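Shown below is the structure under consideration.
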Amino acid sequence: MSKIGVFICHCGENISATVDVARVAEAAGQLEGVAFSTDYKYMCSDPGQTMIKQAIKENGLNGVVVGSCSPRMHEPTFRKACQEAGLNPFMCEMANLREHCSWVHDKSEATTQKAIDLVRTLVEKVKLNKPLFSIQVPVTKTALVIGGGIAGIQASLDIASAGHQVILVEKDPSIGGHMSQLSETFPTLDCSQCILTPRMVEVAQHPNIKLMTYAELEKLEGSIGNFKATIRKKAKSIDEDLCNGCGTCTTKCPTKKIPSEFNTGLGMRTAIYVPFPQAVPNKPVIDKENCSYYQKGKCKVCEKVCPTGAIRFDQEDELVELEVGAVVIATGFDIMQPSGFPEYGYGKYKDVITGLQFERLASASGPTLGEIRRPSDGKIPEKIVFVACAGSRDPAKGVPYCSKICCMYTAKHAMLYQHKVHHGKSYIFYMDIRAAGKNYEEFVRRAIVEDEVNYIRGRVSKVYEENGKLIVKGVDTLLSAKPVEIEADMVVLASAAVANPGAEALAQKMHVSYDSYNFFSEAHPKLKPVETNTAGIFLAGACQAPKDIPETVSQASGAASKVIILFSKDELSRDPLIAVVNRSPAPVFSTCVGCFMCASACPYQAIGEELITNRQGKVIKKVAKVNPGLCQGCGTCVAFCRSKSIDIQGYSNEQMCAEVIALLNHE
Amino acid sequence: MSELIKKAAALLESKSVQVVIGYGKGTGNRTRTIFATQVTECENLIFDSRCVQNLAVYLTKLEIKKLGKPAIVAPVPVLRSILQLAVENQITESDLVILGITSESELIDFESFAAIETFLTTHKIEIEEKYTKTIDAIKAMPVAERFAYWVKELESCFKCYACRGACPLCYCTRCTVDDNQPQWISVASHPLGNLEWHIMRAMHLAGRCTDCEACYNACPMGIPIHLLTKSMLQDVADNFGSYGPSLDKQNTLSSFKPDDKESFIR
Amino acid sequence: MTEFEPKIIAFVCNWCTYAGADLTGTSRIKYAQNVKIIRFPCTGRIDFMLLLKSFGEGADGIIVSGCHPNDCHYTSGNFHARRRWIMFRGLLDMLGIDVRRIQYSWVSAAEGFKWADIVNSTVNTIRELGPYTEYEKVAGYLEKEANQ
Amino acid sequence: MQTENYLIRKPSLEKLFNDLIGGGKTIYAPKAKGDLALFSDVKTYSDITEDYIVTANSAKLVVFPRTEKLFSYHKSKEKTEITDAAGSTFPDVVLWGTRPCDAAAFIPLTDTFNGDYKDIIFNNRRERVFLISFSCSRSDEYCFCTSVNSGPGNTSGSDILFTKLSGGDYLAEVITPKGQLLVSENSDLFETKSEEDKEQQLAVVATRFNQVEIQAKLQNLFENPVWDDKSRACLGCGSCAYVCPVCSCFDIQDEAHGNKGTRLRCWDSCGFGLFTLHTSGHNPRETQGARWRQRILHKFLYVPNKSKIAGCVGCGRCSRSCPADINILDTLTSL
C-alpha cells in the first residue's frame, strides 16, 4: 500500500509566483496513495528538509515526491534527507516545477494544471519505485592528467603530493603550455618562465608523476574509478633513456628554417628540436614532416653527431594502455587566427601581429631577446597600436563571448612597450575595460597614468600600409564619435581565445559534453565548475573557458582536490540505476531467450552470458547477464529487448509506463 | 524426391539425427510438416511448390527439441530463417543437419552457417513487384485514408497469434503482449489492441524479418500483415543499404553507423 | 468554443535535452504549457512501445529528444535510438499514423532556446493538425460503441 | 413446436433482408474477403456471398464477442463507481446465412453460459439473436457434421432454415415461435410449401466416426502417444479455438487508464501455453500435446459427460484454419 508524501516548494517566489502551489499540494493530496501533502517556502532549506523527515516518520511514508526545482539540482539533497529519515533514498523523486514549469510559463490556470500533472506523474512513478542500494566499485588510485600547461602541472603536482600516482600526458615535446610563452604576467609583471619553470622541473622530478610528452589520448573506456585509457606515444625518433640532452643534434641539424611554434613563427627551429631552452624534458624530438631523412631518405646528420647513439629513425608510435581512476582535462586554449578580419591586415602586413606574438617579442628568451622590434625590418616601433577585442565579443565574425584575459594583457603589453621604448607612443582601441580581479584595475590605471598609454574607446575600422607606416583608422566614441587616424609602426591584435582545434574530438572520445564553442562543459555552472557530466572526469583551466593564470591554477587545484577526494576511499559508491536481467520461476528461469542483441547494442560491453543449470549441473539455458561494474545505466538494452527481459532500475518499464499513463490521463 | 528420402533415411539410420523435419502430404491438396523419427517414415517426405510452411519455426520449439537432433528440409526461405536464428544465437551448427533444397528440388549440402550465407548471396530477398505496387499504392493514400484502410484490414483480427506461432523469429518464451507488468499493449482484440499488436509484431521483426510470409500464410483471417514487414524491409534497404541475415553484420537495430541519415530529426 | 489545447508528451534524455530544458527555465524563455516532459537516462532507453502507449492514452503529439549525434553521454544510445526511430517512423507512416505528430529532435544541454522553439513549433503543428480523433476513435472504441 | 414449411421466392430473400434492415435489425451475414467468407455486419444485400461452405469465422461472435466489456469503473480517493455492462441495451441481431452446424453450435454454447452461473450478458445477447440458416448443398473433406448428430439440413438451433431448391427458390422451414412470428410479420413473402425434395438438395457428408464410441474410448486415453503424435506440428496459436463456434473459454482483462478503466472478457484458447500457466512457473499442460488432448477431451468427453451433447458440431473450421494443417478428424479417426 503506497503512502506517498508530496512536498511542493515555493522556491521563494520562483515557483509560487506563477504556480498556485497550495492548489498543487491540495490536488496531490487527492491522489490515491498520497498520505501527506503540503507546500513550503524553501523545501531545500533546513526547516524544509526537517519537514520532509518529520512527515516520513509521522506518516510512515514509503515514497516521497518533491515538487520543486530540477532534479539535476537537488535530487541528491532530497534523497539524502529521505535517507536520514530512514527511507531508502531511491524512494524519492522530484517533479520539476521550476525549470520546466514556473520559469517557462506565465501565471495561469494552465501553468498550475501542468504542475499538478507533473506531480501526479511522479507520484505514479514513485509508487513503483523499489528500494535500491548503492553499488561498491573499487577505485584505481591513479589519475590521468591531459595537458601539461600550468593547469595540468598544478593539478598533477597537487594530486601527486597527496600521495597518488599521476600520469601527465602532453601532446607537445615539452610541458609548459602557453604560460611558458608569456613574457611577464599581469598584474605583478613577474617573469612567466621564472615562476613556471621550477614547477615544470618539479613535475619531472616528482616520484609520483609519470610524464608522457609527445603523447595523446587515443581512447577512454570504463567509468569513474576504473577507466582504461589508451595513450598514443608519438614516435620521437630518439631513445629517451640514452639521450642526455646535450643539444649537439639540434645545432648540427641542417634543416634550420622551420617556423618555431614556440616563438609563434617569429623565430626558426631545426627539424630535430627542443621547443625552448627550458623544456621539460629537455630532450629533442624529430619533426618527421620537416626532416630531410624522413622526407627524402637522406641526411641522418643527427645520428652521426649524437654522442650517445640515441637517434632511432625506425621508432614507431606506441599505444599504451593505462588503468586510471580519474581524469583531469587541462588541454588549454588556442588563439583565434585573426585572418577572418581582413580589415586589420593580419597576414598581409608583417607588422600586424597577435598578442601572443607580442609576448614572444617582449620575452627575454624570445627571438629578439626581449627587445620590441618589428618583424618586417627589425626596427623599434615608435608608435604602436593595440586592438582589443579582435574577435571577442563579435558574434558576427568572431566569437560572442569575452575572452577575459585580453584587457589585462593588452594593458600589460602597452606597459612593457613603454618600459622598453621610453619615447614610444602606445594606443589601445578598446570597447570596455574589464579589469575585475585583485589589483587588476590598479594595474590598468597604472598603464594609463604612469605609463601614459593612450586608451581610445572605439573600434578600428581599417589598417593599411602607406609609406612604410601602418595607418590605423578608427573612431573615438567616448566624446564625440570623431574619427581617429594613427600612423603606427606596429599593430597588435588581442585576438580571441578559442577552444583547441582538437577539443571536440577529445570530448567525443571521453564522452564529456562541450558547449557550442567546443569548450568543455562543467557539470554545473556554479556548484560544479570543475566536474564534467561524466563522473570521474574533471576540468582545469582554459579548456573550459578562457581564464587567466591565477584562475587556472585555482581551478586546477580544485580539480586535483576532487580527484584526491575520489581517491580518499578504497571503494566508490555508485548509483544502482543499472540494468538487470529478470528472473522467473522454473522451468523458465528468465524470460530472456539469449538472442544477445542487447549485448551487441551495449555501449559498455557490460552484458555477458550466464548459464542457468539444473540441480544436476546441466546447462538448461543461456541468458544475458549485466555486469554491474560496467553498466552505466543508459537503458539502450532495455528498449531493445523484445521480450522485456532486461529492465533498468529507477527507470523501469513499469515506472515509465505509469508515467505515460499518469501524464496523459487526468480529470 | 528419392534423393531426399534416401538422404533422410540415411541420417536416421546412422543415428546422425533423431528426427527429420520435412514436408508431407496434408489434408486435401495441402502439405503438412512431418517429423520422421523412423527410417520408414522418410517415405512420406515430399517436396514441391506447395511446400511453403517455414519449417525453421520448429527448431526453437520445446516439443521438437525434445525429439533430439533434427535434420531439416530447407528450401531458400527456411535457409534464411536458419541463418537469422544463428545470428540471434538460437541455434549452433552442431545442433542440426540442413537438408538444403532448391525450388527445382535439387539437394544442397551446407557444412556451416557461413556456407548458407554464401549461398544466399545469390538468392537475395526480393520483394515481388505485386507487393511493391500494393505498398506504393497504400503509401500513396492520404494519411487518414491509409489509417482507415489498416483499421479496416485489422478489424477481423481476433488475436489468435497464428502469425506469431508461425514465425520462426517469434521464439520468445514470453511474448511481450502477454506481459502485464506493465501492460504494454491492449491484450484484447479490439481496434486499438489489434493495431498495437501488429505494430509491435512488425517492429520486433524490424531488420530481422527474412520475408518468408509465414505470418500471412498462417493468418486464418487473411489479413495482409506481410505488407508491413515487407514495407519495413524496403525501409531497411533505403536507409541502411542491405537487408537479409548476415553472420558478420549485426542486426540492423542493434548496430548503427554514426552517419546514418535522417532528415526528420530537428 | 475554447481553443484546442493539444496534449503533448515529451520523452527526453537526462543529459542533453532535460538539461537543455532546464536551461530554458534558467534563461526564463517562455513556451507553451502543453508539453510535459518525462525524463529518461538516454534516448536509447526510449522504447517505441511507450510512444505507442502515448497515442493510446490520448496524446495528440509526441516529442522525442536527446543528445546530438556524437554527444551521447553513453556514447551511442542516440545512434541506436535514431535507427529505431527511422524504422518506427517508416512503419507508422505505412500504417497511416500521422508521423507529423511525433517530433524528433536533438537538443543539447546548451540549447535552451532550441528547446523552447521545438516545444512551440510542435504545439503549433499539432494545433494545426487538430486533435488526433482518428486514433482516439480506435483507442476509445470500448467507451463509445457498446461492444464487440 | 412443429416445424412448418413454406416457400420463399428468390427475389423475396432480398426483400426480407431489406425489411429486417429497415426494421432496425443488425444483420451478420457471410461477406467475401479475398478467398474467405466472413460473418460481417452487412447493410446491403448484395454484399452477401453465397459462395462458401462455412465462413472462416464463427457466428458465436454475436453472442460471445471476442472482446466484451463487463463493466467500466471510475476510481477516486473516496469511492469507486462501477457501470455494469449487463444493464446496457444490446442490439437485435439477425444471423443470416448460418449453416446448420453453426446453428447447432448455439446449443452447447448456450449451455456453457448457463451452468451454475447464468451469464446475464450472454443471455441478453442470445435472446436478441434470430438465426436464418441456409442448408448445405456443398461440403468438403473437413466437414463431419453427420458424425456429431447434425447434418447439412439439420434444423436444430435455427429459427428458420432455408434450403435452396432446384428452381432457385427456397424451402423455408420455420422451427421456432420466433421464426413463426417473422413469417407472420412478412406473410406476403412466404408461400405454403411441403418439404418433399429437401434431401436431394443437400450435400452428402459421410459419417466419419461414432461419437458414442469415441466418448467411450477417450475415458482411457489420457496417457497416450497419440496426443503428441498428432499435435507435433502445432504452432501453439489459438486459431482453432477462435474459429470454433462452440469454444467458449475466455480471459478477464482489465484495461486501466489512470483512475478509470474497463473490465473485459476476451476469448482465450487452450492452445496457448499461457492458458494454464501458474504463477509458480508450473504448467500442468506443459506441451502442445497436453493442450491438444485437452481440446479433444473437452469436446468429446467432458462436455458430453455433462450435457449429453458433444462440444463439437463438425463444421471443420479448426482444421481448415490451422496453419500447420492439424486435422481434428485425423486425430478422432486414429483413436
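Letters A, B, C and D mark the chains as written, and numbering starts fresh at 1 in each.
Rule of thumb we're sticking to: contacts are C-beta pairs under 8 Å (C-beta built on N, C-alpha and C of every residue); 3 or more make two chains touch, one makes a residue touch a chain.
Values in this document were obtained by computation on a predicted structure and should not be read as measured data.
Using the mean of all protein Cα atoms as the middle point, what chain has its own Cα mean nearest that point?
Closest to the centre of all protein C-alpha atoms: chain C.
Report the chain whose CA-based centre is farthest from the CA-based centre of subunit C.
The chain farthest from subunit C, judged by C-alpha centres, is D.
How many angstrom lie between the CA centroids of subunit B and subunit D, rounded to a whole number?
Taking the mean C-alpha position of each chain, the two centres sit 32 Å apart.
Roughly how far is subunit A from subunit D, going centre to centre by Cα mean, in whole Å?
72
Residues of subunit C that touch two or more other chains: which are they?
Subunit C, residues with two or more chain partners: 48, 53, 57-58, 70, 76, 80, 84, 142.
Going by the touch rule set out above, which residues of subunit A reach two or more other chains?
584, 588, 601, 640, 653, 657, 661, 664-665
Got the subunit B residues that touch at least 2 other chains?
174, 176, 183-184, 186, 190, 253-255
How about subunit D: which of its residues touch subunit B in the complex?
That would be residues 33-36, 38, 56-57, 66-67, 140-142, 228, 231-239, 241-243, 251, 253, 255-256, 264, 266-267, 269, 272, 274, 287-289, 319, 321, 323-327, 330 of subunit D.
Taking the complex as given, what residues does subunit A use to touch subunit D?
Those residues of subunit A that touch subunit D are 30-32, 584-588, 661-662, 664-666.
Using the touch rule from the top, collect the residues of subunit B that touch subunit D in their complex.
Contacts found on subunit B: 26-28, 30-35, 53, 57-58, 61-64, 156, 158-162, 164-166, 174, 178, 183, 186-190, 193, 214, 217-222.
Please give the residue numbers of subunit D that touch subunit A in the complex, ascending.
For subunit D paired with subunit A, touching residues are 75-77, 256-260, 279-282.
Can you tell me which positions in subunit B touch subunit A when the two form their complex?
Contact set of subunit B toward subunit A: 88-90, 171-176, 179, 181-184, 204, 250-251, 253-255.
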